[in-house]
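So the structure is just underneath, and the comments pick up after that.
Per-chain residue numbering starts at 1, and chain names A, B, C and D are given in the order in which the chains are listed.
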Amino acid sequence: MADALTLAAIAVLAAVALGLVRVLRGPSRLDRMMAVQLLGSGGVAVLALLAVASGTDAILDVALTLALLAAFASVALARALGNARADGGETGR
Amino acid sequence: MSLAPLDAATLYGLMGAILVGLGLYGVVLLGGFLRRLLAFNLLGGGVFILFGIVARRGAGAGFSGDPVPQALVITGIVVAFCATALAITLIERLAEEDSDDASGGGS
Amino acid sequence: MMGLILDGGIALLTIGIAAWTIRAADDFAAVVGFVAYGLVLTLAWTRLGAYDVALTEAAIGGGATGVILMRAGARVKPAPAIRPSKRARIIVGALCAAVAAGLSAIVLLPPQPAPSLALEVREHLASTGLGNPIGGVLMAYRAADTFLETVVVLLALFGVWSLGRDAQWGGRPGPAPRSGDGGALPLFARVLVPAGIVIGIYIVWVGADAPGGKFQGATILAAMAILASMAGLVQAPPTSGRRLRWLLAAGPIVFVGIGLAGIPLAGAFLAYPPGFEKPLILVIEVALTVSLAAMLALIVAGPPEHAP
Amino acid sequence: MNVLLGLFSTVAIVAGIVFFIAGTVGLLRFPDALTRLHALTKADNLGLGLIVLGLLPYAGSLGAALKLVVIWALVQFAGATVAQMIGALALREHPTSAGRHRR
């Protein structure tokens, strides 16, 4: 049971790592922003699997914090990028 | 002295060592304050992990790790954040002063 | 075995992200890399069984540090790329590799038996009434360090404020609120902020007996304040406000007050009178959480930008 | 009953992993930022949702199960918001190429 869940965590991590390679290469900044999104949901999935695999409830609290703060970071990134664009004098819609 | 067993602590310890090397390279060679600051934080992450494996190997008395180094790392992360924040504000202010000088007007 | 494969994967991913961050073409990309680095380090700390540290890394490493770096990345013009000569790269690379190799040797040849204070902590933990050994270390064994740490955070805030322009001293930090910003952000903040406040308080509360605590909880609360201000729901208070200054000082004042009371009552500065350890530690933790949350949020908000 | 529950969990978790892999394939194969965004948000949120669903029977306590659901909801909600923000930015940057994908 624990081994199977750890295997599942490895599979998710591998998928996320592969996607990360693609997203970080860009070419646009929008692609790169998805990296945080991808690692946020993937990392939370890995932590959830590990929490149940090891029966450690504390890992769920880590996952909860990660979900909250990864969301916060990616929203801040999107906003910082939006502001940079607006200041750069590009016209909006 | 004998070779450490290949376990999680050893693996992450080697990772920490490599992170310190990478961060150091960035601090020395990268151009621009922001990039150096980032590299310094990467280095810090590696140092904290090295503390973490000391904690992990000191596991005992029913704890999954020695609590003292772990508490040190928590203090370290908070202080590193404060130093980074101060440095970034300084970098921003420097950039502001530079652009004031360039446009010929002060505040 | 399965666990070791996972650990190897996390370690490789962390090193890859760190290397990518060092090599990244522009500042924005490097900041994204650094936030990703904070997220994978959280996984590494979890695998090392250091859940308290994992919580701190998730909150501060990925979240708060990432946001101030983004602020700088958006404002600071990228520095002209300096291409160090090939010789410099080889020499520095070799030296850094030597440092990494030296540290690896220390990792591979550990002292036997491993040094540990776990037994001593276990012996004395009962006297604090706490169940979380790390909380016990922070609040009893290293109480003076923890007190000075909050002072460091406060000093960092003063440092950030003092870097503002003279004319704006005492004014409000952060960008002016924009009404009708539109998009999904205001709705997101309206839902997430209340949920985040509950989670932040929960993390402080479980910190007495399980992984968690004031620094982690305070960072979550600070992040929610920043989110509300990013969404234009609230505006940062003027830094000269009397109420704000009391809020910032409350934690350190309570801490030092209880610490001083320990001299006549328990025989030492920051010693707790027997029987009152747990309630006193909880009072300090709550006061510190409130002050730390305000400090961290204001540090992220930056120096005052509007004349008072 | 237990066998059924185990089967349900296995199917849900495996399906969740398949969605994560599908998301990665989408990221690797799709031509521009907007379509990649589509692949990422759909796949990851469904993937995490299915994994959480599969883990629920083994959560051990009601509190743990509740935390799992809250975690999923947080990620789902953040994903939707960030996707909207990235999408708006993409539209502002390349109005024509982004418009091509709208029907």
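Note that contacts are C-beta pairs under 8 Å (C-beta built on N, C-alpha and C of every residue); 3 or more make two chains touch, one makes a residue touch a chain.
Note that the structure is a prediction, hence the values are computed from the model and not measured.
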TODO: Give the label of the chain whose average Cα location is farthest from that of chain B.
DONE: D
Task: Centre-of-Cα separation between chain D and chain B, whole angstrom - done: 32
TODO: Express in whole angstrom the distance between the two chain centres, defined as the mean CA positions of chain C and chain D.
DONE: 29
- [ ] Provide the C-alpha centroid distance between chain A and chain B, rounded to the nearest whole angstrom.
- [x] 21
Open item on the list: Centroid from C-alpha atoms only, then distance chain A to chain D, rounded to Å. What do you get?
Closed with: 11
TODO: Could you check chain C for residues that touch two or more other chains and list them?
DONE: 3, 31, 47, 71, 73, 185, 188, 192, 195
Task: chain A: positions in contact with at least two other chains - done: 33, 40, 57, 61, 64, 68, 70-71, 75, 79, 81
TODO: Note the residues in chain D that touch 2 or more other chains, in rising order.
DONE: 70, 74, 77-78, 81, 85, 88
Task: All touching chain pairs, where touch follows the definition stated at the start - done: A-C, A-D, B-C, C-D
Open item on the list: Applying the document's contact rule, which stretches of chain A touch chain D when the two form their complex?
Closed with: 1, 4-5, 8, 11-12, 15-16, 18-19, 22-23, 28, 30-31, 33-34, 37-38, 40-42, 44-45, 48-49, 51-52, 55, 57, 60-61, 63-64, 67-68, 70-71, 74-75, 78-79, 81-82, 85, 90, 92-93
Task: chain B residues within the chain C interface of the complex - done: 1-4, 6-26, 28-35, 37-39, 41-42, 45, 48-50, 52-68, 70-71, 73-75, 77-79, 81-86, 88-93, 95, 99, 107
Task: Partner chain A, residues of chain C touching it in the complex - done: 2-3, 5-6, 9-10, 13, 16-17, 20, 28-29, 31-33, 35-36, 39-40, 42-43, 46-47, 51, 54-55, 58-59, 62-63, 66-67, 70-71, 73-74, 175, 185, 188, 192, 195-196, 199, 203, 206, 210-212, 216, 219-220, 223, 226-227, 230
Open item on the list: Per the contact definition, I'd like the list of chain C residues that touch chain B in the complex.
Closed with: 3-4, 7-8, 11, 14-15, 18-19, 21-22, 27, 30-31, 34, 37-38, 41, 44-45, 47-50, 52-53, 56-57, 60-61, 64-65, 68-69, 71-73, 75-82, 84, 88-89, 92-93, 95-97, 99-104, 106-112, 114-119, 121-122, 133-134, 136-138, 141-142, 145-146, 149, 152-153, 155-156, 159-160, 163, 165, 167, 213, 215, 296, 299-300, 302-303
Open item on the list: For a test of understanding, state which residues of chain D touch chain C in their complex under the given definition.
Closed with: 70, 74, 77-78, 80-81, 84-85, 88
